[in-house]
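The two complexes that follow have subunit A in common; it is paired with subunit B in the first and with subunit C in the second.
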Partner chain A sequence: MAAGSTYTPIATTTLGSNAASYTFSSIPSTYTDLVLIVNGEVSSSTTVSCQINADTGTNYSTTEIFSDGTTASSFRISNNAQIAVMGIGAQTSSGYPFMSILNFQNYSNTTTYKTVLGRTNQANLGVNAIAALWRSTSAINSIKLLGYLGASGFTAGTTFTLYGITAA
Partner chain B sequence: MSPILGIIASQNYPRITGSYESIATTTVGAGGSSTITFSSIPSTYKHLQIRVLGRVPSFTIITFQVNGDTGNNYSIHNFGGDGSSTYVGATSSYSFGGAGVLSPATSTFSADIIDILDYTNTSKYKTFRTLSGYDANGSGRIELRSSLWQSTSAITSIVLSTDSGGAYQQYSQFALYGIKG
Partner chain C sequence: MPNTYTLISATTLSSSASTVTLSSIPSTYTDLHLVCSLRSDYSSATNNAYCYFNSSDGGTAKLIYGNGSTVNNININYNESYIGGINAATSTSNTFTNFSLYIPNYLSSNYKSSSEDSVTENNATQAFSFLAARAWEYTAAVTSITFRLQFSTYAVGSTFYLYGIKNS
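Moving on to the complex of A and B:
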């Protein structure tokens, strides 16, 4: 069996001031999977969302399980203009840190639609897991994180990190 | 959360290499494949991770057997959602373990991340933990699943099949990684 070291940092940013969104652009196509980690806060309650390759069309859908510590629920939003990373069940709230880990597997292939697998935790709100779809066979070359509802975005100090994983 | 060991953002620190390594990858061809086998797994890592992108003719789950063990030495728990309601399940003394959902939708693949911690330890049973799901714009599943292999043997091989017996379809991909500890 072949063996090779991988899980390579591609880029990272820590916001110096509040920002409505953050975009990883010019993502190299040389990896197999991408792992995107966000650790920070939103400036006001919102649905933390994700768009790919600047596609603002209704080409996304998300299936979610969510629990607030009292109730477990499942939601779906289809034909949407973004992936709902956290917030179908309950909006990510301000004043408390949250962390999301999103996996984009086989992101550079041009044969299949793109599946995104993720988990988000916000201690005062709850935990979720999502499976999402971007209905495009294009290779992923940019990923935008944004706060979809209202005028929210991410606060200063929020960190965005992107890793690449290469299969043998 | 997938295990993350020794991963540091490159902006502030020297690049760290060698803690997460690719061992083997299989991509299914045009004829499909009913099983995927990882054999002769090296014992030099602390943990394993299998990353799957999978599609099958009709909805089912990934099943697995370890080291050729076909006995009733597996148990499974799962918690998931189908977009409208949640579901739970448990099975014990089973002849295979369960490791994630598979998409039946055209051009749409499930993503499954399977973590196997401490796989060479000869004092512990082995736990498989999976985050998996797919969304097909109107259908889909998202699921957490864990399985137990009731054996203290070090894991040397893993065979992945499907519960329904349906074959993995073309472009399904299975990648095995080792994590050093």
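Moving on to the complex of A and C:
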């Protein structure tokens, strides 16, 4: 019997104009894991952040390792209102884009809290890896990416793509 | 639906090679994912490796790496495509470096951002884990990927698997 597709694009968008945030909604529960890819720029320096299922409560924690090429650092924030993906520097359209890969394993189960593993890069600013937790046993059905501290968020041309991975 | 995650090329070295080029990358995908298993014939525990696009040997990058005792940082401005130290001849036998490189939007007319992770394991003191944020400061589409070394050659058995990922 032929197997179904293992790695499936769920949704993708390219911003036509600047946006403070972007939300993947109505995420089907039929996959095992999710992979979210973001590639683009921000119009003012900001901390790109992530919220799940429109939860704005202090139900997130993040542990990060980061290097700016000169100094390594690590931080942890608990009981936060979002996952801190990475601080991103503002760039022009011909500057250095950032990219982020966020992995949401076992996202649709209703038994465990949800963990996120992330890698984010902006070559003229730094490299990071995060491990994050959303303290909810709910299945993930929406993911919002936003610029937290900055005002302008993501610039036109930024792409957001969500893939589903099926284990069997 | 067409395959989302497709093998573009698979290379396994049957003889040592000073450089390996994956060429004629088609323009039919959205992102590229390169997964490699690397070892060098150089008579040391590690050898410095480099990876660049379209014969343009350079780029800007921030790297962080640990060796089990300390964390180190590398800042590269425009001029080098260094990806880290890989297993070489005097490292633990049968041990190859795992290297993963992800390029979103490799056809974009913006600079290309890539995310790189590698592990150079060794049953001794000289072992490393690298994370890198890299930008290739060209607006052309990526059509080839080249690996080279500081010294000597890539060893027999080194593998290079290039996958194309399509977002729709």
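Here is the rule we go by: the second predicted complex is superposed on the first by the 155 of 168 C-alpha atoms of A that agree within 3 Å, B and C clash if a C-alpha of one lies under 4 Å from a C-alpha of the other, contacts with A are read in each partner's own complex, and residues count from 1 in each chain.
Heads up, the rule we're going with is that contacts are C-beta pairs under 8 Å (C-beta built on N, C-alpha and C of every residue); 3 or more make two chains touch, one makes a residue touch a chain.
Please read all numbers here as calculations on a predicted model, not as lab measurements.
Q: Using the superposition on subunit A, decide if subunit B and subunit C clash or fit.
A: clash
Q: State whether A:Ser17 touches subunit B only (first), subunit C only (second), both chains, or neither.
A: neither
Q: With both complexes superposed on chain A, which partner does A:Thr110 reach: first (subunit B), second (subunit C), both or neither?
A: A:Thr110: touches no partner chain.
Q: Could you tell me if A:Ile101 is touching subunit B, subunit C, both of them or neither one (first, second, both, neither)?
A: both
Q: Which partner does A:Gln122 reach: the first (subunit B), the second (subunit C), both, or neither?
A: Touch partner of A:Gln122: subunit C, not subunit B.
Q: Using the touch definition from the top, say if A:Ala72 reaches subunit B (first), subunit C (second), both or neither.
A: In the superposed model, A:Ala72 contacts both subunit B and subunit C.
Q: Report the partner of subunit A that touches more of its residues: subunit B or subunit C.
A: The larger set of subunit A residues in touch belongs to B.
Q: According to the stated criteria, A:Ser61 is in contact with first (subunit B), second (subunit C), both, or neither; which is it?
A: Only subunit B is touched by A:Ser61; subunit C is not.
Q: Using the superposition on chain A described above, determine whether A:Ser26 touches subunit B (first), subunit C (second), both, or neither.
A: In the superposed model, A:Ser26 contacts neither subunit B nor subunit C.
Q: Pick one for A:Thr161: touches subunit B only (first), subunit C only (second), both, or neither.
A: The answer is both, since A:Thr161 touches subunit B and subunit C.
Q: Looking at the overlay, what does A:Ser5 touch: subunit B (first), subunit C (second), both, or neither?
A: both
Q: If both complexes are laid over each other on chain A, which piece of subunit B (1-9, 37-45, 55-63 or 163-171) hits subunit C?
A: Answer for the clashing stretch of subunit B: 1-9.
Q: Taking the stated contact definition, name every residue in subunit A that is touched by subunit B in one complex and by subunit C in the other, in rising order.
A: 5-9, 12, 65, 72, 101, 119, 129, 159, 161, 163
Q: How about subunit B: which of its residues touch subunit A in the complex?
A: Its residues touching subunit A are 1-2, 7-12, 15, 17-25, 40, 42, 51, 53, 79-86, 103, 107-113, 131-138, 140-144, 171, 173, 175-178.
Q: Note which residues of subunit A are touching subunit B in the complex, please.
A: Listed in rising order, the residues of subunit A that touch subunit B are 1-13, 32-33, 35, 61-65, 72-76, 78-79, 101, 103, 105-106, 109, 111-113, 115-117, 119, 129-133, 135, 137, 159, 161, 163, 165-168.
Q: Which residues of subunit A touch subunit C once you look at their complex with the stated criterion?
A: Residues in contact with subunit C: 5-9, 12, 37, 39, 65-72, 93-99, 101, 119-129, 157, 159, 161, 163.
Q: Touching subunit A in the complex: which residues of subunit C?
A: Counting only subunit C, the residues touching subunit A are 1, 3-5, 30-31, 59-64, 71-76, 102, 104-105, 108, 110-111, 113-115, 117, 131-135, 139, 165-168.
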